[in-house]
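Across the two complexes that follow, chain A remains constant while its partner is chain B and subsequently chain C.
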Partner chain A sequence: MATVDLEGLGKSYQGGVRAVEGVDLSIADGEFIVLVGPSGCGKSTILRMIAGLETVSDGEVRIGGAVVNRLEPGERDIAMVFQNYALYPHMSVRANMAYGLKNQGTPKDEIARRIAEAARTLQLEAYLDRKPRQLSGGQRQRVAMGRAIVRDPKAFLFDEPLSNLDAKLRSELRTEIKSLHRRLGATFIYVTHDQVEAMSLADRIVLMNGGRIEQIGTPMDLYARPASRFVAEFIGTPPMNILPAESPAGRALAAGARLPAGTEWLGVRPEALAPARTGGLTGQAGLIEALGADMLVHLIAEGHDHPVVLRLHGAAEVREGERLTVAPEPGSLRAFDGEGRALAAAKTFAKRLGAQPRAVSCGRPAT
Partner chain B sequence: MVENRPLATFVTHAVLIAGVVFLCFPVWMALVASTHGPEALSKAPIPLWFGDQGWQNYRDLLTTGLPEAGGVPVGLMMLNSLIMALGITIGKIAISLIAAYAIVYFRFPFRMGFFWMIFITLMLPVEVRILPTFDVITRLDMLNTYHGLIIPLIASATATFLFRQFFLTIPDELVEAARIDGAGPLKFFRDILLPLSRTNIAALFIILFIYGWNQYLWPLIVTTEENLYTVVMGIQRMANSGESLPVWHYIMGTAMLALIPPVVVVLAMQRLFVKGLVESEK
Partner chain C sequence: MKRVVFRSRWLPYALLAPQIAVTLIFFFWPALRAIESSFFIEDAFGFAREFVAFENYARLFADAGYLKSFRTTLIFGVGVTALAMSIALALAVAANRVLQATTLYRTLIIWPYAVAPALAGVIWFFLMNPSLGIVAYWLDLLGYDWNHYQNGDQALLMVIVAAAWKQISYNFLFFLAGLQSIPKSMMEAAAIDRAGPWRRFWTITFPLLSPTTFFLLVINFVYAFFETFALIHATTSGGPSDSTSILVFRVYQTGFVGQDYGSSAAQSVILMALVIGLTVIQFRYVERRVNY
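Right after this comes the complex of A and B.
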């Protein structure tokens, strides 16, 4: 267990591809950090530089305070779990887990003890003598995790470990990874492009965009206070609605709100929009996605070509084609400047709204 | 083919059996011939069934030095062939494994240049480069030695190329996992690459052993001493015994004996080979 620090980290691949640029990040001991971002934004590259699988072009990687830039992966005392498991196909599960320890010269009985413990934790006891090909995808990934655990490394690195699994298994293993982190109390660095994974696992999320860090913060920070349009649109399903501030729709949405100077774009989360009697944005309900607990209504607002999505209670009575007027909840409006950077939150006039608390206003049959 | 049509089944089987008989007939003839006396094969109705000389013929072949074969027992020639074939096979496999490992996993200057150089030698079989090779071997004083028989044939572009192609199919993650597990280049080679190449090694072993066993031209050139003769050379010498009648019963007996090691290798390796195929991922 140790801290991991990245300082001015940069990576140029051959041919001049600049994959990572000026990444500064201090990861505390025992922290669960998730690197998230769209494909090709350099998440894997950062992880691989920490692991020592890629050379560092600029900056420093420190593990436990010591610079490891020039160390071999095997000397860094880290463990890594790969997307496609990367188990040694010719070795049994037991041998797979033992291999790293054997290379370190760990005594036999100590190896056996650690494997037994990891197998118990991961419910792999019945499979210890099987070959990887005789296991399901989920079991293989658990073996890969076991191979990492037995090493008792300073940091665990995961590169999209759940991407090859089906949805159910993915959420199962997600919980397993989370509880593993809690039990081991070790430093976890986890790469994914799945924001649900990022939100549910991370102590802090590092959101990457084009090789740079876009925002670092707790999941709720990123969700509630996105530093940029990019973050606002990346985090959350469906993403935050973004409207040009000067369009009719934007003006309607911001009616009564004092916008910070330089506001070009307005953002509002789907669940922060609620039907209101007066003011706000008026449009026609288009596509309606009933998700059970709640429903997504795609509102075709006048003067705005993208539908504005709002999330209503699952029991709300809205029909396609119905005219709706919606207003943002107080304090929920986000303002972004021309470059997409967040400005201080738009102040909403409390007095204006006919908007009542959302649960009441969701169009439930009046009682 | 699941239809139940007796006539079709019959015809299919007849054709297949005819094929088998056709292929096996020469071997059968050789086996039969090796059990007769020297005259039986020179006379008109060639025997199709075993004679009574078999025991005698084979004992002569294996133990006594036949003048027709240069005075060395076939047993010794078989041993020479075996040493040469094994030397060539093991040497070729070892060298091409290492060469392919270097080319695939290490970044050194002119890496692709070396690869293409190796690749180009594919186009130069022993026969083409025999004079310069002979010259080198003579200068190195390796005539009439086992290593003179083996070393010139030991490099194999084909095997290097095959191993290279196989190594390229091994996922990078496996290499990376091994690096993280603290395996250096040698450990990775020994613990991961070699076991994964088992099937390929077995298949190549068969091909290369037969290649080595059947070498004729090179041994003929570098050996002048009878006790280094290989069995293929022995057969040839017996068949071209000049004035006197060819000793067909001995020739056929030697041919039968010369069949045994390759067959043993095929059977042994095939088991490994099939096991590897069944075991390999998906």
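Right after this comes the complex of A and C.
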């Protein structure tokens, strides 16, 4: 177990393509960090630089305080779980787990002890003598995790480990990874493009965009106080509603509120909009998605092209074509400038517009 | 497997007919004739023949020259296969490391395969010629006396090198394809698991290449046993004193030079049995044993 520090980390490829630029990140011992972002944002490149699978172009990678830029992957004492599992197909599950330990000359009985322990943790005891091809996708990924655990490394790296699994298994293994982290208390660095995974797993999320860090923070930080429009629209399903501040719809939404200087865009989470008697945004209910626990209503507002999405309680009675007036809950309106940066004063200005109290709690992470 | 449904019943047979006809006329018919001839002793002009049952075979196995030829063939086959495969594997591993240059490298290295066996033999024949060959000259500088006209071992070595040289490109292509089908992440996982390059090769790459290796092993043996006739014919003609006379060359020697058709037919039947044996091994094991 150890801290991992990135300082001014950059990666450029031949031809001057810069995949990662100026990444500063301090990961505490035992922290669960998730790097998330759209494909091509550089998150995997960062992970591979930490692992030593890619050379570092600029800056430093430190593991446990020591600079590892020039060390081979095997000398960094990290373990990695790959998207395609990367199990050795000609070896049994047991041999797969033993491989790394054998290479570092661990005594036989110690290897056996550690494998038995990992197999118990991951419920793989019945499969130790099977070959990877005789296992299901979920079991294979467990073996890959077992291979990492037995090594007892300074840090665990995960490169989109759940992307090849179906939705049900994905949520199952997500829980397993989370409880594994609890049990081991080790440093986990996890890359994914799935914001749900990021939200549910991370102690802190690092949101990447175009090779740079867009925002670092706890899942709730990113959800409730996005540093930019990009973060606001990336985190949350459905994403935050964004409206031009100067449009009729924008003005209706912000009615009575004092906007910070330079506000060009307004943002509001779907669940922060509630039916109101007076003021606020008026429109016609379009498409309605009933999801059980809650309901998404696409509100066609006058003077705004995109529907504004509201999340109401599953039992709310709304019919298509119905006219609705909605207002943001106090403190829920976000203001962004022309470049998409969040404006500092944004959280203080909204004032109560007579919104009705609702059964749905605000600020709940997306499903 | 894709299933095709034909409307007419005879169409599939008609489409297969040319291929079946070629196989029957050019492969099965001669093979049957060879088996038939091997039971007869025929006079040199083909006017008369006498049924002798297995006498041709019995004589062969009593003939020290024929048994020696078996040994020569075995040395030749093992030598060619080992040399061609190990060099090809080394080249493929090297090429696989520099993926950008692979296309050019692959194009260049495939050229020897396009060279006719006889020509390949002659190229090496000239290179090694004791009086004007450059390799022989270098060997002479090193103080080694090269003369494959007199030294049987040297002659055998020369045809092994020539035959292997021609087969390297073929092996290379298959090895490279095999290497590229090994996921990169597996090698990365091994690197993280503290396996150095050498250990990675022997514990991961080599076992994963086993289907390719086994396939090539059979192919190379078949090549060395049966397709090197022209090479031997153009260079050493089996000499000196039968030291490079492999089985397939001996078939020609006995039949066309010695005019002993019965014995020649018996020899080719034995070769045929060998091919069938190798093919059976290939089908049985390539299909089963090598899937991991």
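The rule is simple: the second predicted complex is superposed on the first by the 351 of 367 C-alpha atoms of A that agree within 3 Å, B and C clash if a C-alpha of one lies under 4 Å from a C-alpha of the other, contacts with A are read in each partner's own complex, and residues count from 1 in each chain.
We take it that contacts are C-beta pairs under 8 Å (C-beta built on N, C-alpha and C of every residue); 3 or more make two chains touch, one makes a residue touch a chain.
Please read all numbers here as calculations on a predicted model, not as lab measurements.
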item: Chain A as common anchor, with chain B and chain C clashing or fitting; value: clash
item: Touched partner set for A:Val309, first chain B, second chain C, both or neither; value: neither
item: First, second, both or neither for A:Met80, with chain B first and chain C second; value: both
item: Contacts of A:Leu162 with chain B and chain C, given as first, second, both or neither; value: neither
item: Touched partner set for A:Ala51, first chain B, second chain C, both or neither; value: both
item: Partner chain(s) touched by A:Tyr99 [first = chain B, second = chain C, both, neither]; value: both
item: Shared chain A surface residues [contacts with chain B and with chain C]; value: 51-53, 72-75, 78-80, 82-84, 86-90, 99-100, 103-104, 131, 133, 147, 151
item: Touching residues (chain side chain C, partner chain A) in the complex; value: 183, 185-186, 188-196, 199, 203-204, 207-208, 210, 292
item: Of all residues in chain A, those that touch chain B in their complex; value: 51-53, 72-75, 78-80, 82-90, 99-100, 103-104, 131, 133, 147, 151
item: Chain A contact footprint on chain B (complex, rising order); value: 171, 173-174, 176-184, 187, 191-192, 195-196, 198, 279-282
item: In the complex, chain A residues that touch chain C; value: 51-53, 72-75, 78-80, 82-84, 86-90, 99-100, 103-104, 131, 133, 147, 151
